[in-house]
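Below is one structure; the comments refer to it alone.
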Amino acid sequence: MTGVGMFDVLLAVVLPVLAWWVVAGPDLFRSVVLFIVFGLLLALVWVRLRAPDVALAEAAIGAGLTGALLLDTLGRLRAEGWGTGDDQRGSDAGASGGEHPSV
Amino acid sequence: MNAAVLYTLMGVGLFSIGLHGFLAQPHLLRKVLALNIMGSGVFAVLMATAWRGPQLPPDPVPHALVLTGIVVAVSATAFALALLRRIHTATGRASLPEDTAA
Amino acid sequence: MNAWIVWPVVVPLAAATLSVLAGQRMARVIIGSATVAIVGALAGLTLQVWQNGPQRHVIGGWEPPLGIQLYADGLSVVMLWMSTVVGALIGVYALGYFAHDSGTTGTAATGEHGDNSELFWPLWLFLWAALHALFLSADIFNLYVTLELLGLAGVALVNLAGGQLALVAGMRYLLASLLGSLAYFLGVAFLYATCGVLDVRMLSTRVSAHPAVWLAIAVMTLGLLLKTALFPLHFWLPPAHANAPAPVSALLSALVVKASFYLLLRLWFQVFSVVLPPVAGQVLGILGVLAILWGSVLALRQQRLKLLVAYSTVAQIGYLFVLFPLAGGTAWGAAAWSGGTFHALAHACAKAAMFMAAGTMMAALGHDHLHELAGMGQRLPLSMFAFALAGVSLMGLPPSGGFVAKWLLLDAALASGQWWWGAVLIVGGLLAAGYVFLVLRQAFAPLPADVRYRPVPRVMELAALSLALLAFLLGLMAIPPLTLLQIGAPFVGGLGTEALP
Amino acid sequence: MQGHPAANIPLSEGQPGGCSVRRLLALFSWALVLVLAWAALSLPSHSPGLVDFVHAELEHSGVVNPVTAVLLNFRSYDTLLEVGVLLLAVFGVWALPRERVWGAPLGAPVAGPVLHTFVRLLAPLMIVVGGYLLWIGAYAPGGAFQGGAVLAAMGVLVWLSDLAPLPRFSRWDMRMALLLGFATFLAVAGGVMVGGGRLLEYPRLWAGSVILLIETALTVSIACILILLFLGGVGEKRRATEGVREREAKQ
């Protein structure tokens, strides 16, 4: 079997770490941005696996369009005010309120 | 260890992380993110099956399946986000009642 | 011309496209002609299957494993008839329902979705097409796409109700549906990695006792159980089915949950049967029993009619899973197989009728609180009659379809020496009688003088009544569907039909 | 008919919260990772796959790019249904109640002279790129989905910079554009059966042209679908303030 390049190992380690930050990070805005980074790195994985078609679609749709949709939704939620109902215990308290940086 | 095994392992890792996030996080936007991560995990497993070493051309069928999967995922995400915004407008919260009641 | 098999999918898709372009006025014509075309194609397909056995259609001329194949055997045909007949009658009901609904101006809730109800028709046609595509597909990835199609159409239809409860219920339904699809998709990836094919028939010859295959079976089963809402994965169902517009509740409870059940049947008995140990079927059976008990008890405790009917669906889904421990591949396997699938059929008719009758009462009263249903027996006798007839089928009394289904399952339980499953069927029937009489007692209480009541289109009552009659009389017409079910079934020999009284 | 707060789901039905549950969930997730990894490691090192089948028939598919051949010929039925999923998402969004309050996407209106010039320059370029991606799909990476995504990005930019009015779902021409790809695909799928062929069985000699036709129609529709999905059902009103004013005028 051919060995695996360092780059592959790096990607295979970084992507799950990014994924963890996306689902469990303290700030929702940062999670969305990290998700876009995640999508772009995933496109790199597809390039490594010799799938340029999929890489193109992943970058354009998976990272680009989905990212835009997420940012847009976040913006609209913020425009409406986060509401009091969002104040949840623990890690997502930041997701609901004031710590959110203004774009 | 070759690239296929490596990325399959990454894929199942992503799926598990996504599932954990989906179950543990109450915020709906995060649940949507988590579902997308899970989907990416499945894509990685499929893409890894297509890999046949650096010399041989990869199997195009999983590539096509993943392309289809990406489009399905973005459709579902867009719909879920639109629904999320309506719920936020109507109820003032971005989580399901059972998650906030506890 | 022997390609009848493709039209049940192509026709509703084309009709959906046309109905978006043509607008409200033409929608009725389009839907009417589409229904006629589907029934015609289905008749042709049924004749083919009846005479020549299971039918195949190689899409694009690319033989599997490269291409995708459509496959129709007796089970597919019975499911297609179920969705066509029940779906068409729900469509008739919906004509009256939305006409009545748009007449209700004034309240905020109805005003909000009045302008969106035109989307009911394309969404309903897409749902129809997705069901048919699912019943006919023989490719596990293609089935994933049909599952997504079905899930999105279902959630979109729930949201037509517009209110806060419906939105939240729709979101819960969407999340459960997407999670289920993703679990199924992971199984597809693992199966492709081990077997290298996606065609159902080829897979069945290639699966072996391999860790990746085990995992695929586990995640696909879990995903489909979540979509079928088998206890304890049923949490999303009652709010979604209870808060949707009435025709949508009927569609979801009668047809959509059956689709993932059908897929589970296919996978367990025609793909994974070689590697599955009998104990796996026992686990599903136990979950089914718990569903029957839990769903029935909760139905008895509901304050709202539509929630009661929705919890009854949770219970009735349980019966479908009693099939799994009983279908052991031996002499009684055929009876269990026929009984379980026939139950799907009978429940589709009965539950659609019940939700339609409940929706009619709700349209007349403006609410569906159980304690304020008094007088409905006098005001809407046809609807109450439909509700009662459908209830007879749920209880499993002769000559209803529910009776035949339970009889066959009972027969299989006794023949296999596992009488306890039969005992549960009887207890479940008694509990069903409990919640049906709960409703009837309220409805036949004397009419209070001060209740506001709005007349409803007669077509709504008639559509519900015809489905209820169908459920009630299905037992008398059981032989043709039961014979059809044997064509291409995994169990040969004793058809189960001779077990009938 | 709505608004009855009676959807009382018993407490045990909800997703439970609390510390012990979290710990249990973490345990479950770790167990899942281990099981999945075990299954992943047990996979055969050489997946048989379908690559040989694809390459054996590639010359009959009408295109050179094997992924496009699978997507639009060998497994075109998947793609047909997938476009259906996209359409359903749009219908689903439009079946939701209209959004009451909305800002421009990304929170703020971004129209300005710099953006105007930028978009005016960029838009033609993006149309060219989108068209190129569509055409090249037959030979190299690219195709309707990638091309449509680029066109959609252009559309959103044009709209953001206030150069064009919002597309309205209620407009007939918008619906035509939305459905063009699906309708063409479906017409081809059924049309080839008139001559006794099977569903989606393109005539071999014209397979390349048929695929290009379908893909062109799909590119237009996918661009429209993605734009509408991005707008997420707000299209009937141009600006938040404007919308509010209109609503107030009505009442």
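Lettered A, B, C and D in written order, each chain numbered from 1.
The working rule: contacts are C-beta pairs under 8 Å (C-beta built on N, C-alpha and C of every residue); 3 or more make two chains touch, one makes a residue touch a chain.
Remember, predicted model here, so these are calculated numbers, not experimental data.
Taking the definition of touch as given, a chain qualifies here only if it contacts subunit B and subunit D alike; those chains are A, C.
With centres defined by CA atoms alone, the chain at the far end from subunit C is A.
For the pairs C-D and B-C, the count of C-beta pairs in contact is higher at C-D. Centroids of subunit B and subunit C (each the mean of its C-alpha atoms) stand 28 Å apart. With centres taken as mean Cα positions, subunit D sits 19 Å from subunit A.
Centroids of subunit A and subunit C (each the mean of its C-alpha atoms) stand 37 Å apart.
Residue positions of subunit D with contacts to 2 or more other chains are 9, 13-15, 17, 36, 39-40, 43, 45, 47, 49-50, 54, 67, 74-75, 78, 82, 85, 88-89, 92, 96-97, 99, 101, 145, 226, 229-230, 232.
Residue positions of subunit C touching 2 or more other chains: 141, 145, 148, 152, 155-156, 159, 164, 167, 190, 192-193.
Under the contact definition stated at the top, the residues of subunit A that touch 2 or more other chains are 1, 51, 53-54, 57, 61, 65, 69, 72-73, 76, 80.
By the definition given earlier, chain contacts exist for A-B, A-D, B-C, B-D, C-D.
By the touch criterion stated above, subunit D contacts subunit B in their complex at residues 9, 13-18, 22, 25-26, 29, 32-33, 36-37, 39-41, 43, 45-47, 49-51, 54-55, 66-67, 69-71, 74-75, 78-79, 82, 85-86, 88-89, 92-93, 96-97, 99-101, 145, 226, 229-230, 232-233.
The residues of subunit B lying in touch with subunit A in their complex are 1-3, 6-7, 9-10, 13-14, 17-18, 20-22, 24-27, 29-30, 32-34, 36-37, 40, 43-44, 47-48, 50-51, 53-54, 57-58, 63, 66-67, 70-71, 73-74, 77-78, 81, 84-85, 88-89, 91-95, 99-100. By the touch criterion given at the top, residues 141, 145, 148, 152, 155-156, 159, 164, 167-168, 170-172, 174-175, 178-179, 182, 185-186, 188-190, 192-193, 198 of subunit C touch subunit B in their complex.
Within the complex, the subunit A residues that touch subunit D are 1, 51-57, 60-61, 64-65, 68-69, 71-73, 75-76, 78-80, 89, 103.
For subunit A in complex with subunit B, the residues that touch the partner chain are 1-5, 8-9, 11-12, 15-16, 19-20, 22-24, 28, 31-32, 35, 38-39, 42, 45-46, 48-51, 53-54, 57-58, 61-62, 65-66, 69-70, 72-74, 76-77, 80, 82-86, 88, 91-92, 95-96.
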